[in-house]
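Read from first to last, the chains carry the letters A, B, C and D; within each, the first residue is number 1.
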């Protein structure tokens, strides 16, 4: 039996956004009328960065609003895209005269609603916009070349895109440069996840899917959907290898090169587990002669209380590392 | 059925410490030989701050090692005190010639082992030490005056003690001043927690205790022990009120005064829940005419994957707020 | 001057909008049930929420022209989730923009519907036969433009197109995930689109 | 010169330490079982781990004097968890410090035991009758100091004290949480303390 700490599940997202703003009044404000979270003090003379998507993935995206990352984050209902109007209002709020970059995880609803918002912003307000589509989830790489296939899902690589583009925007990069940079990051990064327990919708009493004691769901997404396959439960190091090996296989980083690695808890993975998983990822990567140049370990892109881990690898270079290291000051990421 | 992401449960703590150090190489290092976590770059010419206790409460304490907080953190096995020798070695490592402050949560094993370590450090190394005992858990306040009662348990207020003493130490405060300051914080702060699901020992398949669907454990500690009473399950706002009301009752802050509030997830509480709980706490406190001067919301003092929330209230004053706001740079807390 | 180039009776935009509010709130459950049978079941709630917003927009904007009324409908949908929200929202946006004067002519409506179809297809990439709102909208556009028919003809073509969706399996939207199970079930978006056209014909008188 | 003021035979510290390593590793399970019956069950593991560390310390320090041998025992316990770790650790630390020369005299051992008792009580706040190691240690100190007895007398007093713990309920340590359930069970810490004294008497010859 699973229970959530909620009042009316329909109010949860809004109450949580109010709570976030109360906890970080110097960093963010929640605009209840328009349904977005913006910096407490709007930035000037830079390209605005907007991201958004369904709720249930916290701290994504509202936790990344602040200096060095997003200007505005737009939350939908749990696992549902924000609406086109929310995104349009957010785009207007984020524009400081130098245009707005949309960072969009690849899900049909998100893609359509962001596209509509850009069209409205262009036609009605003459705001220049660009989009970076984040599609890093290796588990959903199409096996054939079905032109109708929705393509890889967007998952934790979105944090790297937001961080790196956020730093470049702060430095004054223009819209076109940011879009190119974001696409470079998104194009390189790949992720993969497994779950040993599914997440539970607030108010439900059962997880989204059941697993037997000897099963692990490999290639899970972040919306309660099933993964690509089931593999036997086993020691953490073995399970982590099932993520790291295919990622290295897909990316084929050269020996002597380096990556930015993100080891991400999916919701209820606790720090002892996550840190031990980080160790396993580090050994897996360095064991192939590839350096872990930067290492982000924590629960950043979650699926309610899903119990599991995702690993993201992003081959690095000097520019990416410099932007990664640039100062950031948001509710969920500060350095 | 519960499962953990582990290799051999006996190796979990050490593997996690290695993972922590790999994730934050610029902030901390793990000294495997002596069993502690220290700053990557030792501080000079300041009083050393050492804390520690059983593992399973991450990010406490190792996540708070760094500029503006601890110098050394000493982890025991899961829910078990570190040993006297570990604490002694840590005390020697933390000493930069101006003495060492021990910040100790009130549990018999921790108290004895820290005391032994101070005695060894004094007798064998002539290191001046002081101790701040943190005993904030209102749920364990003795009803009678049994002289043998172990007193209130130490829980999340330890984060405030470490943050505030850490800032003062960085400013150059001497050992006696720090001890007094820490005791003032510990003496004022009170906490209380509830759980809607107990934590599960790594490797176990069942939580430490069972709860019926209509029950909540009120007054839980962080070691899998039962709480003080069971109350009916209900909306989050009602459950949160069962923490806030007795805390305000005990502290009786004057109308117009303010508090530093910590809303803390106990392990698997996910951000939507925690933020909504933060909103409820904020309303509960401000509804009594008391301001929330500072607000820390996150999972900082956990009990493996326990599902629940603790609330800590610390009546504030200008000095405490100044020290709270001072810069801090640790794996789990940075501003 | 051809009847197609005469503006529709004053108040057409208002009559059409009000009729849609009434009809869709009444039919939301039935349409939601179709989405439950072969989709993800949220279409009814999406419609209720869209027209709730339409009513709010009307109250706030106090529209007087056709364009202003239809803009309220567009914004209602654009403030709603699902796939149908942005698709209907941009569809009605094209319709709102089709009139030069206070009320559109039938020819302008035809151009608006054609632009709306193009927009829906640009976003949704659905062709006729993919079991979507396009299956109702495309024949209606055809009836009104290429075939030079009346609004009533267009509504009838849309109705026929919507009925045809029962026999096919979905290739777009959530219903495409259920494959064969969608056969035998009408596509709720197509049925809704047919209703939109029937209500337009009614409102035109 | 009184026999009490003659240093014990050379090698006493080494014989005693080695005997403790052997005996406690052999008896760990039995003592752990007592802690399982009325405590939290970890005393056996704590002992195994403590004497594992003692062996490591011996290997690393290569002790030659009594003080050095007993310091290894002390450090073994101080590097071990539980309540017994620091209590035994500080107890043996006092014993390590009691000798002026290479080996202690019986009188010095008596003073060491008395200091050890004081330390254990300072940390643990247990009195005789609280069902702890104090119930074995206090009578041994008494036999050796106030009563002027031999090491063997002290060991016998400790043994008797340990036996007496069966009849009482615990007032200190984890066993105090189980209340009446601890009655009838020997206190493992007291039994261990009695073993320590018996092995000392054996080693003294």
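Miscellaneous remarks
Please note the rule applied: a residue touches a chain if its C-beta (ideal position, glycine included) is under 8 Å from a C-beta of that chain, and two chains touch if they have at least 3 such contacts.
Treat the numbers as computed from the prediction; the structure is a model and nothing was measured.
Hopping across touching chains, the smallest step count from chain B to chain C is 2. For the pair chain A and chain C, the distance between mean C-alpha positions equals 34 Å. Centre-to-centre, using mean CA coordinates, chain C is 88 Å away from chain D. Each chain gets a centre from the mean of its Cα atoms; for chain A and chain D, those two points are 58 Å apart. Shown here, the protein chains touch in a chain-like sequence that does not close on itself. If you check each pair of chains against the touch rule, the ones that pass are A-B, A-C, B-D.
Here chain B touches chain D in the complex through residues 76-77, 80-86, 88, 108-109, 112-113, 115-116, 119-120, 148, going by the rule given at the top.
Within the complex, the chain A residues that touch chain B are 1, 3-8, 12-13, 15-20, 22-23, 25, 55-56, 58-59, 63, 78, 196-197, 202, 205, 213, 233, 235-237, 239, 263, 267-279, 282, 292, 295-297, 302, 304-305, 307-309, 329, 334-335. Those residues of chain D that touch chain B in the complex are listed here as 75, 78-83, 85-87, 89-90, 123-125, 171.
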